[in-house]
Each structure stands twice: as C-alpha cells, then as structure tokens.
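You will see subunit A twice below: alongside subunit B first, and alongside subunit C after that.
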Partner chain A sequence: MTAEARSRPADAPAQRTPALPGDAGMWVFVLGDMVIFGVYFIVFMVYRGHEQAVFLASQRHLSLASGAVNTLVLLAGSRFAALAVAAARAGDDRRASRLIGWCGICGVAFLLVKAREWYSLVSAGRTVTRNNFYMFYYAFTGVHLFHVLMGLVVLGVMLAELRRPAGRRTWLIEAGAIYWHMVDLLWIILFALLYLMR
Partner chain B sequence: MTAASPAVPAVSAGRGGRRLLDLWACWWVFPPFYTLFGIIFVPLTRVMPPPSPAKPTAQIVLFFHAHALTIQIGFSVLMLAIGAGSVLNGLVAYQMRRMTVDPVFAYTYIATLAVGAIPGCLFCAFSFLAATFRPDRDPHLIALCYDLGLLTFVGSLGCFATQYLIFAIAIFLDRNKIFPTWLAYISIWQVVTELVAIPVFIFTGGPFAWNGAISFWEGTALFGVYIACLIMCVRKAIERQQPGERVPG
Partner chain C sequence: MKGTVTSRITWTWALLSALTMVSWALAATRRFTPSTAVTIVVLAIAAVKTRTVIRQFMEVRVAPRWLRRATDAWLAVLMAAIIGLYLW
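This part shows the complex of A and B:
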C-alpha cells in the first residue's frame, strides 16, 4: 500500500480514492499508538479505582483553565491542519504552508501552557513522587508532550514537502495531518481522564 | 535457507551469489540468538520478568541463594554468546548501507547498540554474577548488586532511543525502500516505550517501577513485536536483493 501510495503521481486529486488518506504506515502507527495509550488508560483506571479519594483530591489542584486552553489550542491546530490538507489537495501550496505555520504556532502555545502548568505544580510541591495521581499525570502528559514535539517535526517535514519544486506528494501532507489529529484526540482523552472525571 | 534459493540464479558461483549466502548465514543467527537470549533472561537468571524492586534485603539475599547456580550458568553462557548480537546489528547496518541515506546512519546504529549493550545487558549480568560470586557478602552489598543490575537492565534508555530514532529516520529518508515505512513507525513506538521507562529510577512499586505494567510489561510486549517485524523485514530485504548488487562498505 505504501509503495503504491508513493508511486502515485505527485498531484492527481481526480485519481485519488478517498478511502484511505495519507499512507498505510501512518495508520499502522496511529492505531498502534492508540492501543499503547489505551493500555495506559486502563492501568490508570485500575489505580484510580483503588485510590479514588486521593485521585479526586489531587485532581482539584490541576488548573482546569490551562487544560481547557490547551484543548482549544490543539483543536484549533487540528482545524488548521485539516484546512492545510484541503488547500494542498486544491494545489494552493502557499495557503497550505501558511495554515501549517498556524498549526505549528498552536503546538508551541500548547508547550508553553503545559510548561507553565508544570512549573506552578512543581513550585507548590506537587511533584511526580507526591502520590499515584501525580505519577500518572506527569508520565502521561510527558509522553503526550513528546508526541507534540514530534508533531512539530512532522509539521516541519510537511512545510519542506510543500516547498519541493517538483513532485510534491499530497499523501504526505495528509499523513502529517492524521498524526496531528491523533495528538489532539489523545489529549482530549487525557483531559477528560485527568482533569474532568469526578 | 530455501527462501534464498530462488534469489540465487546462475551467477551464484560468483562473488554476488556467495555474498547472499553470507547474508543468509548471518540472518540465521537471529532465531537461535533470541531463543537463547530468552532462555538466559527468563528461566535461568530470572531477570525477566524482573523481581520486585520493593523486596526487603533479606528476600534479595534469598533470591540470589535460590537462583545462584542458574544465574551463573545463564550469564556465563551470555558472556560467550553476546557477540552474536553484533552479527545481527551488522546485518541491519549492512542493509542500511544499501539505503540512499548517508552512511552516518548505519554508523550511528552500530555505535548506539555497541554502547547500549553495556547498560542494557552486560552490566546487569556482571552485577548478578558479582552477587552470586560471594554468597556470604554483606546483605546490603548484595542488595546493591540487585538494584544496579535491574536498574541498568530496564532503565538503559538513551542509546536505544537514539538507535530506534536513527533507524526510523533512515527508513523515512531512504528512496530505495529497503525496509517498509511501517517498520519506521513501529520503531518510533519503541522510542515512546523507552520514555515511559524513565520513572524506574524513582518508583519501587506501581506501573512505572522496573517490574511495572507500563515500564516493563507493555514495553517488553512491544519489543517482542518490534523484533519479530525486524527479523521478517530483514529477511524480505535479503530476498529482494540482487546477487550482483554492489553495496558500499
């Protein structure tokens, strides 16, 4: 499938089948990554079941506003990524590049909000060893942050691809957007589990 | 071996044919090596699954007393067999040299694994061997050997994370398509599993301890999937290789 996808003409929107955007490899990654996170969430729920009072008490010290802002920031990033794909499919590479740039700004904003949140928690003595809730909180948000950082690299690859003078591959732009959507989706689940669930 | 036959046509008498046989000989090191690796680390030395980091000192001493002989047999065999791992890494690096990427990727791959073998495997073996070498040693020193061995075994992160990353990037950039792109993505999962093993240095219990559900079990399951895929993809790469192909050194 990958080889087939790669052998496609650089830009042939009319010939594209809408069945599977991006390339098969990215879908393998996304589905596998979601299984990995799925295991994290199950383990979290098991521990939460044992120590519900501790988890609820600790949860109250998280900044709901920071979590909500980050959710909106990532959702906006996903919207920009989706619009960038539409622009790339339509052959408007300048607009696609600009939209990917906005998506990148959302990614950086997410990092800054998260850094501020961690800083205020650590300053208040709520570190990773405080209790099991914070252990999960830092581990999960840390792994997710790593995904966001990888996402910024992916956006860079997408931008470089759009600047290729010949043979620009639309599927690669789609694959990058799929990755960004996954990062967004995982955050929404994390936000619900860590910040919202009572 | 039979799989090599169709790929070895009339030129097999020449240098190219012999080279494919060389490659297949290297490839066949994979299954016995990983079987032996499993036997050494699971039933013999009891490093996998790792015993609890929360064991009190007395129980750690008992652990080494109970398994001293198998630890000594297992890790002595490992000292002899560990070099076979280099054959496998060499074979992967050789396939990386067939890629269109710069040789620095293959060199980095070899270097990270060569360095990683020390904390990821050998340090653990020597710590456990030292613990069983003098059973009448101070129990706290035996407990120290236990911690050193298991912390390095599960917590050796950087070299392997770099190895997985460099391998994935090489696959992405390669235009010869020596390995499929999905192998690169699976390789990136491995980087993630290395990341979640960071907390093993902090916790003596729970999912992020060295025997934890996330730090150890999930990571090990994914490593099993990764190794199976890697073995399969290297096999396919050799099958597709033309006998006369010139590969830069």
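This part shows the complex of A and C:
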C-alpha cells in the first residue's frame, strides 16, 4: 500500500508529501530509543513499587517548577522545530534557519535550568548514592541531557544543510526535527514519573 | 495552505503547554502525600501530550500505517505497564 502511494503520479498534491516523514534511518533510531527508555521507565516503576515511601519523600526535594519550566521550554523548542520544517518545505530557508536558532536557544535554556537544579540538589547532599530514587533521577536526567546535547549538534547539522547552496535535502531537516521531538516526548514522560506522580 | 500548517503547529504547542500547566498545578496540590487520583490524571495527561507530539509534531498522523500502529502500541504498552505497576 505504501509503495503504491509512493509510485502514484503527482496528480494529487497531497500524495507528493513523503510517505515517511524524515528518513527510515532516523525512525529506526527514534523507535529504538523509545523502546530503551520505555524499559527504563518500567524498571523505575518496579523499584518505586517496592520503595514508595522513599521515592515520595525524595521527590519532594525536586523543584517542581524547574521540571515544569523545562517541559515548557522543550515544547517551545518543538514548536520552533516544526515551524522550521514548514518553512524549509516552503523554500524559505532564512526563516527556517532563524527558527532553528530559536530552537537551539530553548535547548540551551533547558541545560541551564537542569544544571541549576542538579547544583542545588548536590549542594544539599542529595547525590546519586543517596538512595534509589536519586540514582534513577540522575541516571534518567543525565541520559536525557546527553540527548539534548546531541539535539544541539543535530540543530547545527540542520543549519549547515540550509546553507548548502545546491541540493539542500528537505528530508534531512525533517529528520533533525523528528529527533528533537523525541527528546521532547521522552522528557514529557520523565517529568510525569519523576516530578508529578504521587 | 502555509497559514493552516503554521497555525496547526501553534495550536498544538498551545494545547501541550496548557496541559503542562494543568498537571503542574495538580501535582502542586499534593506535594507530600500519595494520591491515586492525582497520579492517574497526570499520567493520562502525559499520555495525551506524548501522543500529540508523535501525531502532530512528528507528523505520524500522515505517516504509513505501520508507524502509526508502532507508536500507538509503544505508548499503550508503556502506559498500561506504568499504571498497572503503580496500582499493583
């Protein structure tokens, strides 16, 4: 069915959009990462079930505001990334570059808020060895932070691609944005598990 | 056409941000005690937000059926496991 839709002549404008947003390689990576994080989340819930009181007591010391602000920051970044894809498809590369820049600013803001949160926790003696909750907290937020850093590299690749004078590949811009949205959606679940649930 | 695309993106972002504020406010009402009601609602909101990012921002809504099914299956299995383990 997919192959049929792809091979159809471009008489209907809707059929011209690629069947798979971005490219297959990026989706393999994204789906793989989602499965790996999914397993982490389930392991976290198993431990939480065994040590509910410890997890709830430790969770009180996280900054709910920091978690929420960082969620809003990543969502804003996702909006800019999605708008950049729309601009790139419309051929407006200058606008796409500017929007990717704004997305990058959101990424840097996320890192700063997270660094501040880690600093205040560590200063209060709430380090990775304190208990299982903090072990999961630092492991999850650390791995996620690495994804945000990689996201900034991806945004750089997207900017470089938009500056290529000849043969700019729109699918590469789409693939970069898909990566960024994955970083966003993993944080949405992390925010719920670490900061929100009671 | 372009106006429709950008306004769809912005509306999606506004919805996701509003849902974030709701779950933030909800969690702030119960900072020190367990609450099944708060937990179920914040997890449900997280599930809606996650699916919205996948369908709208990642454009899975117009992707091949295998990708729509795979992402929905991932979310359904994950959320069922999380809520099941929480209640158990």
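Everything below uses one rule, namely that the second predicted complex is superposed on the first by the 181 of 198 C-alpha atoms of A that agree within 3 Å, B and C clash if a C-alpha of one lies under 4 Å from a C-alpha of the other, contacts with A are read in each partner's own complex, and residues count from 1 in each chain.
Here, a residue touches a chain if its C-beta (ideal position, glycine included) is under 8 Å from a C-beta of that chain, and two chains touch if they have at least 3 such contacts.
Not measured: the values here are computed from a predicted model.
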| item | value |
| --- | --- |
| Subunit C versus subunit B on the shared subunit A, clash or fit after superposition | fit |
| Partner, of subunit C and subunit B, that touches more residues belonging to subunit A | C |
| First, second, both or neither for A:143, with subunit B first and subunit C second | first |
| Partner chain in contact with A:72 - subunit B first, subunit C second, else both or neither | second |
| Which of subunit B and subunit C A:108 touches, first, second, both or neither | neither |
| Touching partner for A:160 - first (subunit B), second (subunit C), both, neither | neither |
| Touching partner for A:90 - first (subunit B), second (subunit C), both, neither | second |
| Partner chain in contact with A:124 - subunit B first, subunit C second, else both or neither | neither |
| Gap in Å between nearest CA atoms once subunit C and subunit B share a frame through chain A | 16 |
| Subunit B and subunit C footprints on subunit A, overlapping residues | 2 |
| Of subunit A, residues touching subunit B in the complex | 2-3, 6, 23-26, 28-29, 32-33, 36, 39-40, 43, 47, 128-129, 132, 135, 139, 142-143, 146-147, 150 |
| Subunit B to subunit A touching residues, read off their complex | 177, 180-182, 184-186, 188-189, 192-193, 195-196, 199, 202-203, 206-208, 213-214, 218, 222 |
| Complex contact set, residues of subunit A against subunit C | 1-2, 17, 19-21, 27, 31, 34-35, 38, 41-42, 45-46, 48-49, 52, 56, 60, 64-65, 68, 71-72, 75-76, 78-79, 81-83, 86, 90, 174, 177-178, 181-182, 184-185, 188-189, 191-193, 195-198 |
| Subunit C - residues contacting subunit A, complex | 2, 5-6, 9-10, 12-13, 16-17, 20-21, 23-24, 26-28, 30-35, 38-39, 42-43, 45-46, 49-50, 53-54, 56-60, 62-67, 70-71, 74, 77-78, 81-82, 85-86, 88 |
